[in-house]
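One structure below.
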Amino acid sequence: MNSIAQYFTDLFKGLSTLWAGMRVTGKYFFSPGAIVTQQYPENRKTLKMEERFKGEIIMPHDENNLHACTGCGICEINCPNGSIEILTDRVANAEGKLERVIDKHIYHLSMCTFCGLCVKTCPSDALAFGQEFEHAVFDRSKLTKVLNQPGSKIRKEAK
Amino acid sequence: MLTQEELTDIVRSFVPESVFPEGTQLLEVVVPAEKYFLLIEKLKSDQKLSFNYLISQTAVDFTSNMTVVCHLESTEFRYLMVVKVILTDRENPAIDSLTALYPTAEYFEREIFDLFGIRFNNHPNLKRLFLEDDYGYPLRKDFRDEVNMIER
Amino acid sequence: MMSEEIIKDVIVGEQEDYLINLGPQHPSTHGVLRLEVCLKGETVKYLNPHIGYIHRGIEKMCEALTYQQIIHLTDRMDYLSAHINNEAVSMIVEDALQVEVPERVKYIRTILDELNRIASHQLWWCAFGMDLGALTTFFYGLRDREHILDIFEESFGSRLLHSFVCPGGLMHDVHPNFQKRTKEFIKYFRTKLPEYDQLLTGNIIFQNRSKGIGYMSRETAIGYGVTGPSGRGSGFSCDVRKIAPYGAYDKVRFNEILETEGDVFARYKVRMAEMHESLSIIEQLIDNIPEGDFTAKMKPIIKLPAGEYFRRVETARGELAVYVVSDGNKTPYRMKFRTPNFSNLFVMNEIASGYKIADLIAISGSLDLVIPDIDR
Amino acid sequence: MSSNIYDFSTLTGSIHTWLSGMMSSGWVIFTEMVLVGLIFLLMYALLGLFLVYLERKVCAIMQNRVGPNRVGKWGLLQTIADLIKLLLKELIPIRKSDALLFNLAPFIVIICSFLAMAALPYAKGLQAIDFNIGVFYIMAVSSLSVVGILLAGWASNSKYSLIGAMRSGAQIVSYELSVGLSLLAIVVFSGTMQLSGIIESQANGWWIFKGHIPAFISFVIFLIASTAEINRGPFDLAEAESELTAGFHTEYSGIKFAFFFLAEYMNMFIVAALGATIFLGGWMPFHVGNWEGFNQIMDYIPSVVWFFTKTFFIILIIMWFKWTFPRLRIDQLLTLEWKYLLPISLFNIVLIAFIVLMGWHF
């Protein structure tokens, strides 16, 4: 007799646990407001990345097309993946001395792991993280970027 | 709780030849290869120690020798001990397997065999774990791979 | 010709053995793990894990990188507890150089550890439900995990692999909103956890699927070195946070969750309880973050004194031990990661033999394997 | 009882007379068969596509997602796009598979579900063939699809497929009993196996209300057992995505896979329609005792609408099951059948027989 009672209590207990689960899914079925999906390409206009978002490495230029990179090469040394290459030139400055300036700051996005060491170690704060995240391209060579804009010069700090 | 000195004394009573290097972070003991299995068996079975948990087993290539390093813990008393064996034969290093004591050692040893080429005696299934059979032993310091390695 | 040879090589069992390859591409192996399973009917006779499909040689790569650069590689071992892995390497450097880390850093690191642990357990919960065929759990778990990832993104700029810890402290300070958003998350997640229980924990089908399955005794757990929630489900007290407290763990009160049944359900219960426990740890710390610097003073080039260093931390999956041999250079001479999943994987043959193939999926789900952590 | 104003027999009758005026009786029958076949084919495809769409939407909303929403308004054309994709896909032949059986299996599965559709009464007077053993016929035909599944698993030369097929065999053979017994309960109540007869007997109330608690128990058992019979979650062991990748149809591609997929959804429709017909009064409107006004209003809703509303109600319940519960293990599946469902339904039948004998039902 006891076992029969056990049989039915098991059965009803089991059914009630099933009902508890169905209540959860049922609740969400009738509350479409709980939908969390973002409609990505549609919301591009309003989509705002966090200000610290690590999208890519950029070199900020001001309105006079000046940047802060001295071409010291610390970022190149610190990069664990070899995704930064710096080509420097020696150019005579106003006093006629040869001075090192960057020719090209080459950044291989395809090899970058966004560890942030280059940005952190840069002594002149010339590098920063950009917010761009749509990096898909059809040609891998497009992922190799030159960070300093053509014709840009190093910003001379007022001493 | 036993102090470091007491632990040292107990280990020395098991294997008189054992050497205790100074100034190490954890208690370290260096034993000859032939006494290695014996020591760890005693460390595990001794009631006062019961080092029953093999945290990790690895090897280091010091170019002059190969060193097998075992980190042991006693889950009961929380002692930590490092057991080291120095294998001077770099060409054909071999050492006893701990598989009989710790099942997990089977896979640590396969990994060591895979990456260092150290052979383990009495190992039930000594096959390479990650790499292909003819790959070489990459964690040895003299390993060179012309294709995949970039020297900086 | 070629394929025949491979087939011959694979079949090592007896003639009547019914061998199937679970993986390397299989929905329930959560990565590229191959389990060579021998079946008798539906029952597993034995199984043989094959790994190495994503072996990247992280230990070898570490020998050519400086300690700051190694951090970003540890992210890619157990990517679900990336922050905790980072912390392990950072702490070993701090130990070796005997740098005193500011209190603020310790607090923040501990909070982030626990957030990372919750995020990892959430992902485990969704994937485990999905392994057992309850597909809806996947989306509920991910929905809630998104809140943690948003907190991460705001502070670190990345969601999963945030190399946020550096030797001596943090890369930069946390975002001003960090405290507020974390508290909001705790409040939110407290309301969602009962739903998890209703949907899966209490469910009679789920309980029948998980109770008494994949029994692992305490001796087996210790012998195979199964740590983390999987080991604690068998009564193996292996929480490094308790054994050797690091960060701010000595300043908070929390319980080490231990279950003694040793089956899949026990491991499940440990993880569910750990989520509650982690929430309470964060709650104790979040209001008391001291003001101060976010990093200790470190030299730009870190050279560890010659010697050997060993450090253990508790990741979401178990004990991560880092062993460094330094010869005084700026790169380590040898770096060994004792990763939790490596040991957790190989207990599979022991605990899954004799159960059904559907149980095998439940067992491998309950061990919560992350394959890159095994291969390294 | 007021006669139903939406009687399709007048429409079908007039088509019949119109055709009879044009050709001899043999040709009339032939033309009608072709017409009916075409209509069913069209309905089969459209319903299948709609069910796939419905399933994706329902599960999406349950999971806090949006579901398909790019192709067409609200994603309505998504499944059609999927169908075109499947049609264009390569049919991959499997090495060392039994080509004949491998290609035959999807047809067996789809023909079985197609056959079962013929006997369903969609509305008053809208039924392709009204057998006097309609319930029996649908039961027999729908359980034939297991042959197709077994063949698919066997011929694929894949271990996953074989395990899936064997599971499916064990599952369908055992759950067939419970489905049969739970339907038998209503057959006992109504005293006929003819589907139109069963519907007529529910004119003054559906069996789920008229048949006291035993009918309700039968209904629950029918829901569970039929979910198992059509291999849907939580009983989808034959496919068991996380264990067997896709079970018996792992190796199928393109349109052959689409056949399995479509048949699965149409089987769901068929059991839901059967449940609606037998327990919820089929196309009969909802009537309450003596509320003449209310009953009048209910009669104005076309019988097709009633039928599909009830069917989709049951389909929603079956989907709700799938998206909530974890999957059972094979031995638990059989335990559930042989230890719980079968004894309960046997006892239920005895109880119903007693009730009918005493004349306690309405």
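Per-chain residue numbering starts at 1, and chain names A, B, C and D are given in the order in which the chains are listed.
The rule is short, and it goes like this: a residue touches a chain if its C-beta (ideal position, glycine included) is under 8 Å from a C-beta of that chain, and two chains touch if they have at least 3 such contacts.
Just so it is clear, the structure is predicted and the values come from calculations on it, not from any experiment.
A.B. asks: By CA centroid distance, what chain is farthest from chain D?
C.D. replies: Result for the farthest chain: B.
A.B. asks: Using CA atom averages as chain centres, what separation in Å is found between chain C and chain D?
C.D. replies: Comparing mean C-alpha positions, chain D is 45 Å from chain C.
A.B. asks: Between chain B and chain C, what's the gap in Å when you average each chain's C-alpha atoms?
C.D. replies: 25
A.B. asks: Could you please state the distance in Å, as a whole number, between where the Cα atoms of chain B are centred and where those of chain D are centred?
C.D. replies: 64
A.B. asks: With chain centres taken as the means of their Cα atoms, state the distance from chain A to chain B in Å.
C.D. replies: Here the centre of chain B sits 42 Å away from the centre of chain A.
A.B. asks: On chain C, where are the residues touching two or more other chains?
C.D. replies: Residues 136, 143, 199-200, 203, 205.
A.B. asks: Among the residues of chain B, which are close enough to touch at least two other chains?
C.D. replies: 152, in rising order.
A.B. asks: Spell out, as numbers or ranges, the residues of chain D touching 2 or more other chains.
C.D. replies: Correct list: 62-65, 323-325.
A.B. asks: With chains as vertices joined when they touch, what's the shape: line, ring, star, complete or other?
C.D. replies: Chain contacts: none of line, ring, star or complete; other.
A.B. asks: Run through the chains and report each pair that touches.
C.D. replies: So the chains that touch one another pair up as A-C, A-D, B-C, C-D.
A.B. asks: Looking at the complex, which residues from chain C come into contact with chain A?
C.D. replies: 65-66, 68-69, 71-73, 136, 143, 146, 153-158, 161, 163, 166, 171-172, 175, 195, 198-200, 202-205, 207, 300
A.B. asks: Could you please specify the touching residues of chain D with respect to chain C in the complex?
C.D. replies: Those residues of chain D that touch chain C are 59, 62-65, 159-160, 163, 167, 233-234, 236-237, 240-243, 245, 323-332.
A.B. asks: Okay, in this complex, where on chain A does chain C touch?
C.D. replies: Chain A reaches chain C through residues 13-15, 17-18, 20-21, 23-25, 36, 50, 52-54, 78, 80, 113-117, 120-121, 129.
A.B. asks: For chain C, which residues are in contact with chain B within the complex?
C.D. replies: 51-52, 55, 57, 59-60, 64, 95, 220, 222-225, 236-238, 243, 307-310, 312, 319, 321, 323, 325, 333-334, 336, 338, 342-343, 346-347, 350, 375
A.B. asks: Give the list of chain A residues in touch with chain D in this complex.
C.D. replies: So the residues of chain A in touch with chain D come to 11, 18, 21-22, 24-26, 28-29, 32, 34-37, 39.
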